[in-house]
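In the two complexes below, subunit A is the common chain; its partner is subunit B in one and subunit C in the other.
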Partner chain A sequence: MPRIVSITLQNTDDARPIIAAITEDNPGLVIHSYPGIVKIDREGSLTVKRSSVEERLGRDWDPQEIHLSIVSMAGNLDEEDDYFNLSWA
Partner chain B sequence: MSIDIKTIKVEQRRNTFGHIARRLGGDKPASRYEEGTFDIQATANFHYKPLWDVDHWQYDEGRTQIRLKDWYVLRDPRQYYYANYTIARAAQSQANERAFDFVEKRNQLALLSPAWRETVSFYLLPLRHVEWGANMNCGNMCDRGYGTAVTAPCLFSAADHLAMAQILGRIGLALDGNTGTSLDAAKARWMEAGEWQDLRRLVEDSLVIEDWYEQMVAQNLCFDGLLYPLVYKLFDAEGQAHGATGLSMLTEFMSEWFAEHSRWVDSVIKITAAESGENKDLINGWLSKWSAAAAAALRPLAVRVLGNQKGAAAIDTVVADLKKRALTLGLTA
Partner chain C sequence: MNANVKLGLKQRYSLLTRGLDWETTYQPKEKIFPYAEFEGIKIHDWSKWEDPFRLTMESYWKYQAEKERKLYAVLDSFAQNNGQLGISEARYVNALKLFLTGISPCEYQAHRGFNHVGRHLPGVGPRVAAQMQSLDELRHAQTQIHTLSHYNKFFDGFHEFTHMHDRVWYLSVPKSFFEDARTAGPFEYFIAIGFAFEYVLTNLLFVPFMSGAAYNGDLATVTFGFSAQSDESRHMTLGIEVIKFLLEQDPDNLPIVQKWVDKWFWRGHRVLGLVAMMMDYMLPKKIMSWREAWEIYFTEAGGSLFGDLARYGLKVPKYADIASAEADHISHQNWCTFYQYSQAAGFHTQLPTAEEMDWLSEKYPTTFDKYYRPRYEMWAQMEKDGKRFYNNALPQLCNVCQIPMVYTENTDPSAVSGRVSEYKGDKYHFCSDGCKDIFDDEPEKYSQAWLPVHQIFQGNCGGPELEDVLKWYRLNIGADNLDQAGSPDQKMWDQWMADRAGVGG
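Right, the complex of A and B next:
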């Protein structure tokens, strides 16, 4: 049975480029907008790419900076220099 | 008793200003950069043409031969607006301050060999007058340019050049024990030393360029593109053998700044050249004119610092690098 991974981010200036990058890079997302937060669900896995966020942000971005915006997440985390990946694999 | 906490989602009527939404193609949350940049400059309903330029309006696309359908395509890849620009520079200024403390505490400038100390006073300190010229040029581009997307970063650059002139001034004071004599000597060299006169003429010629976009190509692409790699990379590398490590820490801001500044310049020129053949031809013409002039003006200085052979080779290296860079921008160089 496919399982849903999920990430919830604050809906702020800092997080919006990350949300935009996730939306662009991961087809088949389900996005829930709640007051002040955005919950993003996807079957199987979800990746935040460093390069996509940097492109939107216009500066160097360390994937660890995502922790300043995360409210909650579900899935096993694989955190690298170039991406931040959630999956149930 | 159980308490059921509910949240009510209030949909805001609009996410951003109308003129920003039209730019973004829909009402979406906009970044501070977008809201602080798009369509900020006035475009219509000017009452009188300014006395200082009776042929143009206060803001007028006709002050350059370059034509763009929409000047707001020249976005800054760094996305600088007032707040994040000043925050970024404040952090760099603090790092620079610490470098000065570090170098002064350990008296690292005393490690410079006497001959190289003299060379440094010769090539580095008069550059504060070049920085002042660059400050004037960038201020002029901001003044005569069109569209906040390109004029705001021009003013940021102008401030950066002033900051670098101040850093050079402080290095002078650190070298001469806070007497200021090294800066007076640097001014005299700028005005009189043979090796500096071509560069001084070049800076003075660039101050009176009529077309602000030509000034952009001359200053930001040609002068900066040759001067910074030459002085802060090649001269600096030569200095390592003469005890100039401490000095490198003091000029680190310039290397950092040049890399960041180039990202913006490259993006502006690439987008402009890609819009039409006429734009590309104009930029190519300005590039070959001003890069040749700048290379020729820097040559005597390079020869004085590095010697005949090495100096000529250094100029060839920075010119070749600028050509490579121009090719990536879609220019013919």
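Right, the complex of A and C next:
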């Protein structure tokens, strides 16, 4: 059975550049749209890169700002200054 | 030599938060942490606890404050703009009544529970994580109450949520779930709530209610929901860290943890039957069926999770197959129960419309038309004949999950599922093997359960007549209870819609 990691983000202006960055950096995503939220699934792992988000946002971005947009997640979390990664072993 | 080396997040966090604990010298450790050993869990090295989200208190306050500002701005705006007029239909609000009376007091219980384990675990990492979660849960209780207070201005059934939570028959289901966890030891609590509820099952509670709110025009609840869910992500990582930590500390922990995972999956599944009913029957605009939600959030997501945890020897919860099979029945069985006991409930019910029944047929091709449509059609005829059915007998409750014994055997949906145990000369009744196993493991604990129906018969709930009991519940008879049709809520809504259609003045 495939091990799907997932991140669900609010459908807001704050989250849009994050969603765009994830889409660009993680090939093979499956994106589900529900009212007010976007659920992003991927097999194995998924990474949110600080630099990718900053490119789209036009300002410095701390990955911890994701707290303001995240609704849910699935997978083991690895959090660092430059990225936010979810994965199953 | 240039000493300007920037430390990474993990290192900064470690330096800021570790080494603040100390080895006690005035009192022995066992006196300071009296609950740390009795469950049989072995911890050799608390420093191996890894905080998944490396949030310092400073960051915590910063982000939480920002979430609060945004949320309360939306709630104020909703109130000023009479946002309640934007919901799909009046009857949607019954889902919110169930939420405020059933869930919000449990958020407060979770606040107390995490507060307790935040004191009683010997490890500083999990203590801090539990304390943050305790604050989050209090925040959730407060924000839910605040969000729903606007509906309380107009609709029945919200006014005595804490009083009702402690007394009303169906509310003992979520109440006893949390009380069971809070009266367990700290490690079981962490697995029960942190892992089983907040990781395995949380999406099955929140996504239905919050998506249901979004689909039905309830901006206030949607906004609350997404605001709380951002906290939930931290809770989810705490839950998964707890289970990995315990399983990595000592192989002897595995059978204890497995037993708790089995127990709390089953108790959680039973509580979520209320959500199943809400999704399938209480939302005028439906998101998806309970069966579909179960597939996404348990079968698929749980499959990935337990696949990952298999490396520790942990197995998929016992009776997961039964729970999955029940997904085709449970919402219907629960709604049939609430429909016929609506005279004793704090929210309104009604029969599904013809269109809704067609939707249910489509979503439940193997069960709806065979077992449940005939009942609704019979009750519809009774309504037409002016004899809307209310059941005046009190049901037998399962001694563990406290739900009326309405569930059926997995192998035969026409046979009521019942199990029995004897303890100290008395017989105890259960809806399932899952609940019976829980009782048999700790009969002394569950033999003390406060069961609403038993208590009514013992004369502890206001008196012998239904009216006495409803008054004791502080239910407003003729307003909070009975069918949606003819309710004060519906009359008020119809008047609003008529006003909206008119020219005004």
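Simple rule for what comes next: the second predicted complex is superposed on the first by the 88 of 89 C-alpha atoms of A that agree within 3 Å, B and C clash if a C-alpha of one lies under 4 Å from a C-alpha of the other, contacts with A are read in each partner's own complex, and residues count from 1 in each chain.
Going forward, a contact is a pair of C-beta atoms (placed from the backbone, for glycine too) under 8 Å apart; a residue touches a chain by one contact, two chains touch by 3 or more.
Computed from a predicted structure; not experimentally measured.
S.K.: Tell me which partner A:Arg16 touches in the superposition: subunit B (first), subunit C (second), both or neither.
M.R.: First partner only, subunit B.
S.K.: More residues of subunit A are touched by which partner: subunit B or subunit C?
M.R.: C
S.K.: Per the contact definition in the header, classify A:Asp81: touching subunit B only (first), subunit C only (second), both, or neither.
M.R.: So A:Asp81 only meets subunit C here.
S.K.: Could you tell me if A:Met73 is touching subunit B, subunit C, both of them or neither one (first, second, both, neither)?
M.R.: second
S.K.: May I ask you to decide whether A:Asp60 touches subunit B, subunit C, both, or neither, giving the answer as first, second, both or neither?
M.R.: After superposition on chain A, A:Asp60 lies in contact with neither partner.
S.K.: Mind working out whether A:Ser6 is in touch with subunit B, subunit C, both or neither, as first, second, both or neither?
M.R.: The answer is second: A:Ser6 touches subunit C but not subunit B.
S.K.: Looking at subunit A, which of its residues have contacts with both subunit B and subunit C?
M.R.: 34-35
S.K.: With touch defined as at the start, can you tell me which subunit A residues reach subunit B in the complex?
M.R.: 11, 13, 16-17, 33-35, 57-59
S.K.: Using the touch definition from the top, list the residues of subunit A that touch subunit C in their complex.
M.R.: Touching subunit C from subunit A are residues 1-6, 8, 10, 34-37, 64-65, 67-77, 79-81, 88-89.
S.K.: Show me the residue ranges of subunit B that touch subunit A in the complex, using the header's touch definition.
M.R.: The contact residues of subunit B facing subunit A are 7-10, 29, 31-33, 76-79.
S.K.: Which positions of subunit C touch subunit A when the two form their complex?
M.R.: Residues 8-10, 52-55, 59, 63, 66-67, 70, 202-203, 206-207, 210-211, 214-215, 222, 226, 229-230, 232-234, 236-237, 240, 287, 300-301, 303-305, 307-308, 311.
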